[in-house]
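Please go over the structures that come below.
You will see subunit A twice below: alongside subunit B first, and alongside subunit C after that.
This part shows the complex of A and B:
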């Protein structure tokens, strides 16, 4: 975009539409300084964020291996992806993981937020503790949990005679993903809790006093008052959470590295493997498909928000 | 910062006073439950500390949960050397400091220009463009991005700074724009009559008024940058310039069995954010809360 051409354009637009021209606060030419504030940053943004996306789409139509020659091969990469069981497996794992984690995180976070918002002693101290995971590196945290799962837990299980847990659950194809869910919940719950706390504090106390007078019990109050009143915050949490969990990477690296076998390989991990695996263009096609799926989900979620009349 | 907290705090004081008169009932059952639940956070931390203070013999084949006796402080010195801690720390600090400063400067400038020229097509278009980029998940651009930065010689911490700033700009600008709109234009106009340029207005009037939002954006940028693993791991070509989280991969080798050393190193990687959080707790939480509400 040429910045200099634009003010003239708007000027003519304003001429054609006098009503709008009046609405414009200042009819003066826009101070060029404003362009200096936006254009350099926006150009860098286009160069470092938008350009790679376009380059990626371009290479997804080639057979580029990440090095050497390449030629156009049309949509073959895309066709092959739909026939690739390993890719399909990574999508299934990622979606099951993201859905489960979203549900668990929100249940846990809402429970913590309700607890912190209630009449408890040492509230500040307890709150401090609950929010600690938020400030720690996900990778380092999962290294710590890695040891707990593969050494501490089996020893404890053996001591108490729980033989099914006597081997590391990280080495179990069917259970390893639950360990990833658990650590992700540990890390992500505080962020969601903060949003819920903000929601709970926005509910005026009078509402509860009225419900008390009507003789509603606390569970009833939660279902018919609290939950509907903080629904907007729940929607935000679900949307932000689900999107984030779809791109999960660090915690898997720290816990299982995608194993055992390929049982816990997320889509993001698959795509990153294109960097070293020699299937660069193939993983770019995978990335484009991943983008389209997340876009579709975002559109659906935005629709839902609009229907609910929740303002973000 | 403090002003936003005052009403709430004074409200709490008042309820306390009233309640002590009417017999404010602490829910002890719930308090106990919350204390027990907080162990889920404290136990892994205790475990990390306990492990970091053991010798390999003390770990043995036990659970690792027992408190070591005697304490083995040498692990920290050994981890300090093994990870070349000062260098990794400096690299991480470099990335974090410049990411925070860059995020504050770039996002607030862009947001100010957009918010004050909302009726102008170019600026509104810029806003939509920035916002639409939020729909692009990171894994989608990472492969071409790494190639691009390597070509430009940005396969170093400076490159990571660029991407941290640009990657966060959509979200941060969104936070700032909402805030700038709440600042009355009249404040600027009087300064302009006195002959201030747009730059001066921004620097002397707007930016100081953005303080609460600066705190929020700064905290997010600090945590995101300090703890980031993905970008440094993929972008920084020279292992000597790697950041603290990436350096921890060192202990994941197949033949590494020196867990006490590893945990000492983990603890040293966790400590900086943990200390900052504990010291500036009220500040951090209110900042994050403001980001959540917007």
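This part shows the complex of A and C:
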């Protein structure tokens, strides 16, 4: 960020003084250190991320299986994707999942952050406990929950006579996605909580003192003071969370593997299936479409951020 | 926060460096296979090759980077890829014996199958390969990845009916032998002999007798068939493959279907809707004899439970036998082919080529690879392997199986009364396991058939061009 700020400053300076502008232009305008910092990262990024992505875009126009012979087939992969109900279903699932999870994660995380920010006993210890899910690998977490849902919960439900719960929620096509939401929330909430805690600590205590003097209750304080003051943090959490949940993969693999039936196949899973399924170019086309959609969402969200005056 | 999935695998970097450190002409117009040699734009193509390498290095998690094995001090180093982690020790011993007899060849065993396709992309595949032979391997054959083995003397020792299991998938250029079978697995109904004896049930040879047996067990409060529906593949391998293979001509069906190409309306006589409808009620009937809560049990749950005698029958292949014995070393097991019709002579058993040996077409160590392959197919190696792993040897004149678990299906295999599972014919891009699981849960046969027909047509359309 600093690197981009610098030329802007020199440019304004140059605008004010044409003679100096010439001198500056003939010399190096930016300290070479910035190049040393940026160029290696940029070239690594271009080589390992941008170039492969472009290769993927290229192959989405072919019938390449990942190996062997191939030829150009134009846009027919793209046309076929729009005719494929299984792909459409994975998009619907992914977006419903991402929206629900984003809402639940933020509500839960904000509630936990408010609790952890209050003057309570053992605050540091409790905070640590709440952050444990963050250090655990999502795959491990989902395998553990898989076991709980498939074995422990049904046994408990049977013992207490709750027959509807006696079969695993993961085996239910209509409810399995809720299990995925639950585990994702459990895993993702601590990260959001940290950001909210940082936000809450940035709110000066005087604001609340003033509100107390005015006789505002704690709920009113939360609505009218806390929420507006940490709105930037909320926006960041929503944007980062939504972006992450759109790429959901490992928790689903650990819990349902995309099943039962086709009920919980996320877009990322479909795309990844192209590597093993000999369906490389088709899923690359899917990836390009998904990239464009997420790009669009990012642009909209960035607009929102700029309007709110927060930056990432 | 979620970790992004596009993050390069930590091990991708060293693998990529290996690629780069190879001599540059490697990137040139060396074709991946014979078909590629016909390329008209070598320079552009090689550019994409480089780009593709970069892509593969980043996108595909490569684990372990086998060094570029070559010829050193007159010793040729071969890379042998096999895909079964449980038999690594057996092959280590085989390799040791082989190296003792052939001091000029060194063999490295690579049991990471995930490396195979990246190896093709890098044009550095293993020299000798063994894989299960089904759709995916057949696709490699169609792309000319494997060398022709028909000229090898050892190819004549293979029983032709087992070689047919491979050639029925199509041969490269219509006549080449791209793979030789090494191990044939026969899957049927595994049953608990003690439970059968205790209830006076004989091994059923007709569908009606089978259903009667299920009813007997049910009435006695015993789960007739242990279901592990959470692992969708067990439904495909079990109920779906057994019923369709037992009552339909699966191989012929797929031959006709593939001949039709992408032009298959649902009403066509070759469609799934037309062919498979009659088999669906029996699949559901099989599933209905499973225990309550089968939907939340997976394969390993099933092995543990069946091993403890919690059900009379289990629709699994020989790969489960060792697990079952591990769960309960006193268990008395047997296998019989599922009778799906009421004519015992029609009963067939599901087989699959569990291991098939190939040599990659582009290997620079063809002679050494052929010597190793010859050694692998020596009766002492191949028969011992199959004896140890509850499978059938593909060699002519192989000794009859002595494994008591397999006696019930041995006759069917010897007489060629078998089929390859319908589920194995689907390309991996059709999530067949999930469709079958969905069908068993919702019992909506119409939806299932339509979905499979549509999915098959879509895949045929996009792979036909």
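In the analysis below, the second predicted complex is superposed on the first by the 269 of 312 C-alpha atoms of A that agree within 3 Å, B and C clash if a C-alpha of one lies under 4 Å from a C-alpha of the other, contacts with A are read in each partner's own complex, and residues count from 1 in each chain.
One rule holds for everything that comes next: a contact is a pair of C-beta atoms (placed from the backbone, for glycine too) under 8 Å apart; a residue touches a chain by one contact, two chains touch by 3 or more.
Everything quoted here is computed from the prediction, not taken from an experiment.
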| item | value |
| --- | --- |
| First (subunit B), second (subunit C), both or neither touched by A:170 | second |
| Partner chain in contact with A:213 - subunit B first, subunit C second, else both or neither | neither |
| Touched partner set for A:69, first subunit B, second subunit C, both or neither | second |
| Which of subunit B and subunit C A:80 touches, first, second, both or neither | second |
| Partner with the higher number of touched subunit A residues, subunit C or subunit B | B |
| Which of subunit B and subunit C A:291 touches, first, second, both or neither | first |
| First (subunit B), second (subunit C), both or neither touched by A:248 | second |
| Touching both subunit C and subunit B, counted on subunit A across the two superposed complexes | 48-49, 51-52, 55-56, 59, 138, 151, 191, 247, 249-250, 268, 272, 274-275 |
| Residues on subunit C engaged by subunit A in the complex (per definition of touch) | 1-6, 8, 32-33, 35-36, 48, 51-52, 54-55, 58-60, 117, 120-121, 136, 139, 143-145, 229-230, 232, 292-293, 295-298, 301, 427-429, 431, 433-435, 437-439, 441-442, 454-455, 458-459, 461-463, 465 |
| Subunit A residues touching subunit C - in the complex, by the definition given at the top | 47-49, 51-52, 54-56, 58-59, 63, 65-69, 73, 76-77, 80, 83-86, 138, 149-151, 154, 166-168, 170-173, 184, 188, 191-192, 240-241, 244-245, 247-250, 257-263, 265, 268, 272-279, 282 |
| Complex contact set, residues of subunit A against subunit B | 1, 3, 6-7, 9-10, 13, 23-25, 30-31, 33-35, 37-38, 41-42, 44-45, 48-53, 55-56, 59, 112, 115-116, 118-122, 126-141, 143-145, 147-148, 151-152, 155-156, 186, 191, 194-195, 197-198, 201, 243, 246-247, 249-250, 253, 267-268, 271-272, 274-275, 280, 283-284, 287-288, 290-291, 294-295, 298 |
| Interface residues, subunit B side, partner subunit A - complex | 8, 24-28, 30-31, 33-35, 37-38, 40-42, 44-45, 47-48, 51, 61-65, 106, 109-110, 112-114, 116-117, 119-123, 125-126, 129-130, 133, 135-146, 148-149, 162-163, 166-167, 169, 185, 197-199, 202, 223, 226-227, 229-230, 234, 244-245, 248, 251-252, 259, 262-263, 266, 269-270, 273-274, 276-278, 281, 284-285, 288-289, 292-293 |
